[in-house]
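Structure, as structure tokens:
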Amino acid sequence: MEITLILGTPLAGALLLALVGHKRWAPELNALMSLVTLGAAGLLTARVISEGPITALQEQFFVDPFNVFLVALTAFVGFTTALFSRPYMRIEEHHGRVNPARLRLYHSMYQLFSFTMVLCLLSNNVGILWVALEGATLSTVLLVSLYRTPASLEAAWKYFILCSVGIAQALFGVILLYFAAEKVLGAGGTALLWTHLYEVRTQLEPTVLSLAFVFLLVGFGTKVGLVPLHNWLPDAHAEGPTPISAVLSGLLLNVALYAVVRSKVLVDGALERNFSGALMMGFGLLSVVIAAFFLSRQKDIKRMFAYSSIEHMGIMTFAFGMGGPVAAFAGLLHMSVHSLTKSAIFFTVGHATQTTGTQNMADIRGLIEQSPTIGWGLALGTLAILGMPPFGVFTSEFMVLTTAMHEHPWATPFLLVALGVAFAAIFGKVQPMVFGEASARRLPHPPALVPVFAHLAIVLVLGLYIPPYLVGWYRQAAAFIG
Amino acid sequence: MADTPGIAFQILQSVFVVLAAPLLLGWANQCRAWLQNRSAPSILLPYRTLAKLFHKDAVIAKNASALFRLTPYVVFGCMWLAAGIVPVLATDLPFAPAADIIALVAVFALARVFSALAAMDIGTSFGGLGARREMLIGFLAEPAMLMTLFTAAFISGSTQFNTIVETLGNREFAIDPSLAFAAAAFLMVALAENARIPIDNPTTHLELTMIHEAMILEYSARHLALIEWAVAIKLFAYVSIGIALFAPWGIAEAGNWSALPLAFAALAVKLTLAGAGLALVETLLAKLRLFLAPEFLSTAFLLAVLGMLTHFLTQG
Amino acid sequence: MDQTFSGQLVNLFAAFLLLIAFAMLSQRRVLTLIRLFAWQGAALAASTLIVAYSTGQTHLYFSAALAVLLKVMLIPWVLHRLIDRLQVRWDVETLINIPATMLIGIGLVIFAFALAAPISEMANTVTRSTLGIANASVLLSFLMMIVRRKAVPQVIGFLAMENGLFFAATSATYGMPLVVELGVALDVLVGTFIFGIFFFHIREQFDSLDIRHMEKLKED
């Protein structure tokens, strides 16, 4: 029931907004749809907490502690981003960067994207997960090129080609997985159902599965933005509308990583050695280090935070690669706090670029003086994402680092240096933007900053005190991944 | 093995190929004329041309060396040898042990080298030009040819033509993708090696494009006749190799006289089809620029390699 | 139909698929490229049909029909329409000359076969070579996307890659569950349309479909 609501609302919203997305009240409708999805996600969460994992619709969908927390997170960030996009897109329209037809496309695709995200998370069928993840690319690619500038077209083309090629590799991985599963489970529908695969994971053919995992990691890893498959990510984040940057960073990357972790669980069951973990640690570490060093070279504010996303996805991939309950716990926590913090940052960055009319960091100055809320939002968000206590990012990074020191001491220096470099780069660039002489103009619509502070507040709370049911939740999921 | 019926078969086949080769050429030319809506020449025209040439007096350039005079005989001999040892009518001939695929390619190469040397011997510009082009084609075609033959050799486990034909001819019917690749490659190589379209055009003497004709421009009378005859035998030999590798059904065994009529009939049908097919190919395709010849032949090489790889993949 | 014979037929179509992948790699004209793509789809449908017939998996008939409809008719037609509307019947430019591309292609095929060899060992299907060939054609399409400069051939490369994957699914595993196959087909179809929309946008902006114009976004 709740599942139908979660999936049905954004799908209905997409259809509805395809018709009325250009109307004056469309942004409110968009937010309302997201709110309904969030409510349904809340109901589902409550039910899973009380009843435990459930499956629905002939086992095509299933919910366990791992994906329900991501569903809740996705629905929440989806809703707050819809709130943020309301004034943001109105201002863009006012500035003449979008017309009603494109707004209609934007709103419809926004809901469709939400739909693919929850479908990915809730689907029990690995094949459908693939289809939904490809659908996520398809629904956002026209949004990245929404402004139709040469740069945005280039970014969208790159995004489309790279992600499609990457995801095609993942499809080959899925086929291999099916090939292995079919021998155990028999041909037909159940051989791709995750719950069934999980039960027989120790009987799956190791050779096939290790090959399948390589393809799955490369495929889904392209979407996660793992170096060296990350090329599309900074461009797509920088050139698209900011709400899209926020959901790409906050949701899409998480969901892609979710797919990788799901595959890892299966492969670990089939293989004796820690093949998948080693691969993920390698990719993760490489992403952290490369992204950190690219951070200092950025001039565009959205590109810089896009690289920061690559860095954080690297940390999570590394954490899940290490395995074990603590690292998996840290990875899950980092997933939540990164998603919240990064989308909050993109919200403030969106308004900051609108007030100054540029994305070039050298031209953005004195945000606090001109608009204190935007300035403080950016400052706090940056501190949070850089892992300053008492924010939640600190907690999760600290856990990752200590586990790494314990189990893979060789990796710690790389991580520490990368985090240091990232800190210096981002802090050095954000500080003059926030303080200093003002260079801003007034916005025609009041910015929506409630979501920013709501996100940061949650991140702060998670840094100070994680509610016990959340801990239980993370623990269950971590045990299951670990 | 060298018993009397075997020897009789060998002689029969050797005489047969020499005599039948111009007929194949005539048939192909006739088919081509039909396809191109021209009135067709007689199927016996190649014989008449040969007879005419044999009756003429040879003119030889003053500065020609003995090599120039010797070459037609060598080329004719090579082609005859090749056509004689390939299993055309029967397997297990007395000369069959000589019919190793590598040796066969070497025999063709020998003829090529002599042609090229003779062409350069006179010192005219066309001769040198033709020789160079011929060597370029040969340099590219031979690896492809070897690869094709090796694919067949891998399937049957031997480089002996005889064994290959026996294995392929007598096994259960099976569709083998590797043989399909090899056949496509062989067709391309055969077109190139026999100086047919799309690599060379045997009917033109346009100096910019000709390859084989440029080499034999200085020959006349009986020398030319021998070379033309050798060309016909070469075509015949290639068609026979193709048949032996890819459609070996109906071939007789040496000494088995009762199977001979069937073998003749099967061969006649296959040759008729092959001649018509050649005419069709030559009508449909246009001649490639010389600089595209490497591309054409590298494609043939690629197909041959693919055939071999597919063989390893399917048979493991 | 006898299992061995149908296996051989599927092998033959697999070889045909590989051959077309190479032909596409060497092809200079866009229109021929589209025609080759349609042929590839036809080979795919035929092999699916044979697998369906010999194993009695009814849903594979559906897949075969889907392949014919989508890959032999609809997508080639859309592509034809597109290049007519865009008037881009130019010859395809390649980054590397064609014989060199072919040699790289052979290398890829060897790599793909080696990769698939341990898996083919344990395949109980008669069509054990097909995984290797599917893998090879995926890699070849990938190569094609890399060496082509223009947008349309790149897209055809992408679609050909999907053909290779579809082939892997039908012949090595006797087909994925229908719901997945439908989803994949839908994605491909929508993707093709979005590519089409893109072509117009790109041309509007750059007056050409040359990807070289789209190399501005780089790290300094």
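Residue numbering begins at 1 within each chain, and the chains themselves are lettered A, B and C in the order written.
Throughout what follows, a residue touches a chain if its C-beta (ideal position, glycine included) is under 8 Å from a C-beta of that chain, and two chains touch if they have at least 3 such contacts.
Everything numeric here is computed off the predicted structure, so don't read it as measured data.
> So which chain ends up closest to the centre of the protein, judged by Cα positions averaged per chain?
It is chain C that sits nearest the middle.
> Taking each chain's centre as the mean of its CA atoms, which one is most distant from subunit C?
B
> More C-beta pairs touching across which pair, A-C or B-C?
A-C
> Nearest whole angstrom, what separates the Cα centre of subunit A from the Cα centre of subunit B?
66
> If you average the CA atoms of subunit A and of subunit C, how many Å lie between those two points?
31
> Approximately how many whole Å separate the CA-defined centres of subunit B and subunit C?
37
> Could you please specify the touching residues of subunit C with respect to subunit A in the complex?
My answer: residues 57, 115, 118-119, 122-124, 131, 135, 138, 142, 145, 151, 154, 158, 161-162, 165, 168-169, 172-177, 179-180, 183-184, 186-187, 190-191, 194-195, 197-198, 201-202, 204-206, 211, 213-217, 219-220.
> Considering the complex alone, what residue numbers of subunit C touch subunit B?
Answer in residue numbers: 4-5, 8-9, 11-12, 14-16, 18-19, 22, 26, 98-99, 102-103, 105-106, 109-110, 113, 116-117, 120-121, 128-129, 132-133.
> Okay, in this complex, where on subunit B does subunit C touch?
Those residues of subunit B that touch subunit C are 174-178, 180-181, 184, 294-295, 298-299, 302-303, 305-306, 309-310, 312-314, 316.
> Any idea which subunit A residues touch subunit C in the complex?
Touching subunit C: residues 60, 125, 127-128, 130-131, 134-135, 138, 141-142, 145, 148-151, 153-158, 160-161, 164-165, 168, 171-172, 174-176, 178-179, 182-183, 187-189, 191-192, 205, 207-208, 211, 235, 238-239, 294, 297, 299 of subunit A.
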